[in-house]
Amino acid sequence: MFIRFITTGGTIDKIYFDAMSQFEVGDSQVEQILTDGLVSFDYDVVAMFQKDSLELTDEDRSKLRAFIEGDDATHYVISHGTDSMAETAAALRDIANKRIVLTGALTPARFKTTDAVFNVGMAVAAVQIVEPGVYVAMSGQVFAAGEVKKNREENRFEPITGEQKDL
Amino acid sequence: MFIRFITTGGTIDKIYFDAMSQFEVGDSQVEQILTDGLVSFDYDVVAMFQKDSLELTDEDRSKLRAFIEGDDATHYVISHGTDSMAETAAALRDIANKRIVLTGALTPARFKTTDAVFNVGMAVAAVQIVEPGVYVAMSGQVFAAGEVKKNREENRFEPITGEQKDL
Amino acid sequence: MFIRFITTGGTIDKIYFDAMSQFEVGDSQVEQILTDGLVSFDYDVVAMFQKDSLELTDEDRSKLRAFIEGDDATHYVISHGTDSMAETAAALRDIANKRIVLTGALTPARFKTTDAVFNVGMAVAAVQIVEPGVYVAMSGQVFAAGEVKKNREENRFEPITGEQKDL
Amino acid sequence: MFIRFITTGGTIDKIYFDAMSQFEVGDSQVEQILTDGLVSFDYDVVAMFQKDSLELTDEDRSKLRAFIEGDDATHYVISHGTDSMAETAAALRDIANKRIVLTGALTPARFKTTDAVFNVGMAVAAVQIVEPGVYVAMSGQVFAAGEVKKNREENRFEPITGEQKDL
């Protein structure tokens, strides 16, 4: 099994810069998470963007899509900011014959308490098992693209309508 | 979605007791991992054993099997010591109509650097997606029961023969 | 021995709020640090401010000073933002017959990698040993108030002139 | 300021080896703690022993003492197992004209929750301030050598008789 990881920024990679008293997207935490997770499959990591997901543009999404369509891998995990993760998933939805799982974090991976490691673990398992298509792994659940939204008030991902569907 | 977690002990739950200068199986770390993972599905946790997996007996495995067969849940994640995880998975293999994923850790969940959180994330995603059956989620991979072994020299899980099979 | 901790905010207590994609001063981390540090002396914690230190006003400093002067404790550790820690230390300098050590962090205590725990440990040891007066414990060193500044470019505390003086 | 750190093993450096299902003394954590603590003084680290402190012999203590007496540094922090830390401190007590602080941990530094970082922070501050002599920094307190013991039942360090004395 080979998984290509694509990093696009988001809260998962945020770091605190004391000199500016602010938080910015730093280097990707995905490789550290995989190393700590003691994974033994083959993978590489492509760093594509380093942005808050609210700053990702349609042009960025087109670039991401074109990269995947022109690439020879079949399994992808994309780390992504949470605010527009559902939109990006929808934008990639009809790519044929590939398994793509988006994930990210509501709390930075560099925090002691974070959902980042759990979420990347979910995405790695999901991408090995799902039918070809595009998915979001967040809030302990795996959702099909187009059927998930972020509920900002509750700070979680949930089905657009009613119940989570079986995959 | 409802997942029943069953804890049986193992390295994932180990704690260090200074007074005895030794390491023992402590309280389960699964609930803390799920809380930190910000999961939003329903679950409960059944604490069944608190043992090193080398100390689990055939009687223990029969008790575990009988519990699951007599229980009304359909999705299970079992935390388990790594040394006999493959054996327990094989012993549960022909339970009908349930999805069961075993996981654990090579390094205790209480360590700063641990595979525990990643592995539980994998197990949670896998149990939502797999066909009914019994699986092991370790080393970044999801294996069918009966097709996986622990390689103690390399400290990882791997297919019994050759390549990992598609699930 | 009794130590009164006074918390005023600063980076040490910062937390990330995903809903606003920003970092703010959260609840004090001092009690958690003392609990994890397995301390066995008596203490309490007074939460006085919850501010970035650049927002602390002269009025705030007067209030802090008046509190300590009117209080019956003799040993204080004050957690404080780094940007104006040296100024606050100088403002408290001539309080008589009390031992006061200010500390804080360049990286939030909630990060996996942080100087917060080390710094609070330093402050706790220093306050037990120093002569009455006001001190700053940062960057692995204990400085007398009035003889220390933050070097923002290098992100560290250092003597105002030349060498660190013996205390 | 220059501090020479001497590491001798103990719980602070313990690591878990899954292959043997046991806990052993691993590489010293002191340098990592100093790096994370963002210290800016000069130091080096001498790795002298890598033992549980119950295994330290009188010969080991003589070797440690001879090393310090023949060495040109004036400030030492010694990381040490807790079970015989008080004994080693007493054995070094009459070395002249040096400041020596022993510390360690009741929980390994590699754990998420540990007293190791706090304790090393205490030792670093203490060694800068104390009068020449030998001290133990544990349980949030700085004790003079010969006046401290480990209370194994309570898992803490405390004065041999009654109250902690002023240093």
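Letters are used for the chains, namely A, B, C and D, taken in the order the chains are written, and counting of residues starts over at 1 for each.
In the analysis below, a residue touches a chain if its C-beta (ideal position, glycine included) is under 8 Å from a C-beta of that chain, and two chains touch if they have at least 3 such contacts.
Source: prediction; values computed, not measured.
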Third chains touching both subunit C and subunit A: none
Centroid spacing, where centroids are CA-atom means, of subunit A and subunit D in whole angstrom: 44
Centre-of-Cα separation between subunit D and subunit C, whole angstrom: 25
Subunit B and subunit D: spacing of chain centres that average the CA atoms, whole Å: 38
Multi-partner residues of subunit B (at least 2 other chains): 106-107, 112-113, 155
Touch relationships between chains, expressed as pairs: A-B, A-C, B-D, C-D
Residue numbers on subunit B that touch subunit A, as the complex places them: 1, 33-34, 36-41, 106-107, 113-115, 117-126, 128-130, 137, 139-142, 155-158, 164, 167
Partner subunit D, residues of subunit B touching it in the complex: 11, 14, 16, 18-19, 21-23, 52, 54, 82-83, 106-108, 110-113, 152-153, 155
